[in-house]
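This is the structure, below, for whatever I ask next.
Chain IDs A, B, C, D, E and F follow the sequence of writing; residue 1 opens each chain.
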Amino acid sequence: MNIEGNERFIRGWEKLKEIDGEAGEKVIQSLKNIAPDLGRYTIEFAFGDIYSRQGLDLKSREIATVAALSAMGNAEPQLRVHINAALNVGCTPEEIVEIIIHISVYAGFPAALNAASAAKIVFMERGIIANT
Amino acid sequence: MNIEGNERFIRGWEKLKEIDGEAGEKVIQSLKNIAPDLGRYTIEFAFGDIYSRQGLDLKSREIATVAALSAMGNAEPQLRVHINAALNVGCTPEEIVEIIIHISVYAGFPAALNAASAAKIVFMERGIIANT
Amino acid sequence: MNIEGNERFIRGWEKLKEIDGEAGEKVIQSLKNIAPDLGRYTIEFAFGDIYSRQGLDLKSREIATVAALSAMGNAEPQLRVHINAALNVGCTPEEIVEIIIHISVYAGFPAALNAASAAKIVFMERGIIANT
Amino acid sequence: MNIEGNERFIRGWEKLKEIDGEAGEKVIQSLKNIAPDLGRYTIEFAFGDIYSRQGLDLKSREIATVAALSAMGNAEPQLRVHINAALNVGCTPEEIVEIIIHISVYAGFPAALNAASAAKIVFMERGIIANT
Amino acid sequence: MNIEGNERFIRGWEKLKEIDGEAGEKVIQSLKNIAPDLGRYTIEFAFGDIYSRQGLDLKSREIATVAALSAMGNAEPQLRVHINAALNVGCTPEEIVEIIIHISVYAGFPAALNAASAAKIVFMERGIIANT
Amino acid sequence: MNIEGNERFIRGWEKLKEIDGEAGEKVIQSLKNIAPDLGRYTIEFAFGDIYSRQGLDLKSREIATVAALSAMGNAEPQLRVHINAALNVGCTPEEIVEIIIHISVYAGFPAALNAASAAKIVFMERGIIANT
C-alpha cells in the first residue's frame, strides 16, 4: 500500500471509529481471517471515501443508512451497527424510531417490525430502555 | 366516512400537497378508476398519519424516503416523486446526489446509478441541470 | 385518540385477535417499550382498515400474505405468524404447503425451502406434524 | 425428449393455455430464438408440474401469484400476465384490486401503487375499465 | 412416478450428491415430513434438469450460484450449502472469497459482509481456516 | 486528486474499457452532469480496485456479475452492460443463456425470463441472433 492508499485508509479508519465505534472495529476484526481486503475496502471506500465526503452531514448520512437497511430487510447485523452509529452522531432514540415507523410506508410493516426489533436490542444494550 | 376519518384525510391531503405538490395529486388522480381506496389510504395513512408525526422533520423524512427507495431499486416512479418532494421540503440538489452516492455502499452501484438516472430526469424537469 | 380512531382501533384489535390469535397480541406487546405507535398502526391500518375490507375473504387474504412473505424471503417471524393465521382462518396444512411449493416458480427454491422450514416450525408447535 | 417428458410438456402446455391464454403462448414464443429450453421448463415445471398439482385450486394459485409478484415489485411483465391469468380462472377485478391493496401492508405503498398501474393496463386492455 | 420421472430423479439425485454432498441429502431429508414434493422437485428440476445441462461447467454454475445467493442476501442456509458445493466442484477458497468481495460492487457491502460470515462458518467447518 | 488516486483511476479506466467497452464509457459520460463522483468511484473502486484483483479471472467475474444482476432483477440497464461485458471477456452466448436458465432455480422464473429478454436485446444488437 502506498502513501495515498494509506491516506484513504487512515482517514477511513478515523471516520469508522468516530461513527461506528467499537462495533465497527469488531466488523473489521472479524474479517481478518476470511476476507481482510473486504475490511480494507470498507474502511477505504465506505468510510475513507463516502462518509468523509462533504455535502451531507453525518447525522443525515445515518438517517439514510438506517432507512435503507430497514427497507432492504436482509442486513440485520449491519442495521444494528448503524442504529448505534446513528445514536453516536446525534440522532435521538426517538428519531430512530420515527425512521423505522416511516419505513412501514415504503417497505411494509414486516420490514418496520423487524427494524424495531433490531432497535430494541440496541437500545437495551445501551440502557436506553430497560431490559425486560 | 365519518368526521375523524375526514380529519385524517384532510390533514393528509394538505400534507401531500405540501410535500409532493402536483406530482402527489397526479398519483391519487391516476388511482381513481382502478383503486381509489389505495389513494385514500396513501392520503390517510402515509400522509395523514406518518408524515404528520412529530419527532422527525420533513427534510429528514425525505432523506429517509429517497435512501429507502434508491436502495430498494424497484420503485422508480415513486423515487422520482420523492426526489421532487425532497427538493420541496428543503433538500438541496447536492444533498440528494450525496444520498444517492451514499447508497452505493449499502445497495451497490447499480442501485445508485439507477437512482442517479432518476435524479437526472427530475433535475432536468425542474431546470436544475441543463436538458442535454 | 378520538372516537373514530377508537372505532378503527377496536375493529382492528378484534380482527387481529380473530386472525393472528395470541401471536398477534404478542407482536403488539413486544412493541410496547420501543415503538408502541407502530403497534397501533398495525392494529388500525393493517387490521382495522385492510383486513376488515370486503371484497376478498380472510382465507384468500392469508393465501396472499403467506405467498408474499414467502416470496420476499426476509420476514421469517411474520411468515410464521401468518402461517398460523392462515390455519386460523381455514387454510388446511396441505394448502399452505401448496402455496410454498408454488412460490418456488416465482421466487426460486431457496425462498420456498426457507418458507417450508418456517411452516415446519409452526406445524410442530401446533402438533400437526410430529416434533422429530 | 422421451414419452414421459412429453406427458409433462403436453399437460403443461394445456394448463398454460387454460390459465395464461394467448399471453402465455407469446412468452414461450418470445423465448424461441434466445432460450427455448427456458420456455420448455416454464411449460414442464411451472405448468406441467406445479400448476397441475392437486391441493390448491387455480384461483387460489393465482391469488398467491399476483400477491407474490406484486410484493417482489421487480417483475412487471409477469405480473400483467398473471393479472390476466387471475381473471381467466375466476378472480373478479375487485378481488385483484383487493389483493393489491392488501399487499401495501406487507411490501409497502410503492409496490401496491405499481401493481395497481399494472392492473390498470390489463383492465383497460380487457375493457373492464374505460381507456382514459 | 413413471420411468422417465425416475430417470430425471436418479440423474438429479446423483448430481445432488456429487455437488452438494451430505449437505444436499440433509436438505432433502429435512423436507420429508413437511413438503417431500419440494424435495423431489429440487432433485428433479434443479439437479436433474438444470445442473445436468451441458454448456456451462459445474464450477461456473457454482460461481453463479454463490454470486446470486450472496447478492440476494436472504438465503443464508442455501448460501452455506453452495459455498460447500463450490469447494466440492473445484473452486478454491480464494476464489469464493473473491466472488464475495466482487459482490460488494453489485449488491453493497452488507450483502458481501454477510456472505463473508457464511463463508467463514463453512471454511471453519472444513478446517480451511482455524476455528477462532 | 493525487498520484495514487490517479493510479487507481487510470487502472480502473483501462479495465473498464477492456471489459465494458463503449457501453462503460457511456455510463460514466451520462453521470457527468448529475453525479460525476459516482462515475469516478465506479472507475476507481469497481474497476480500479475490484475488477483489477487477482484470484478470479475476468470471465468468472462476469459470470458472477450476470448471475447476481439477473437474480436481483432490478438492474436491467446494468445487466445489459454486463451481458455485453461477459461476451467481451470470453463468455459464449450459450454460456450466458445457461447462466440465465440456471438462475431460474435460485431467483425464480420471472427473474430468468426478464434476464433472457435483456440478453435478447444485447444479442440482437451484436448480430448474434437475427433481429426479428
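The rule is simple: contacts are C-beta pairs under 8 Å (C-beta built on N, C-alpha and C of every residue); 3 or more make two chains touch, one makes a residue touch a chain.
Everything numeric in this text was worked out from a predicted model, so none of it was measured.
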| item | value |
| --- | --- |
| Common touching chains of subunit E and subunit A | B, C, D, F |
| Equivalent of D-F within the choices A-C, A-B or E-F, defined by over half of its residue contact pairs recurring | A-C |
| Label of the chain whose CA centroid is most distant from the centroid of subunit D | A |
| Inter-chain centre distance, subunit C versus subunit E - centres from mean C-alpha coordinates, in Å | 30 |
| Residue numbers of subunit A (touch at least two other chains) | 37, 41, 45-46, 50, 53, 69, 72-75, 78, 97, 101, 104-107, 109-111 |
| Subunit A partner contacts - residues on subunit D that touch it in the complex | 104-111 |
| Contact footprint of subunit F on subunit E as seen in their complex | 45-46, 50, 53, 55-56, 60-61, 63-72, 75, 78, 94-95, 97-99, 101-107 |
| Complex interface listing, subunit F residues touching subunit D | 72-74, 97, 100-101, 104, 109-114, 116-117, 119-120, 123, 129-130, 132 |
| Subunit D to subunit E touching residues, read off their complex | 2-5, 37, 41, 45, 49-50, 53 |
| Sites on subunit E touched by subunit C in the complex | 27, 30-31, 33-35, 37-38, 41-42, 46, 69, 72-75, 77-78 |
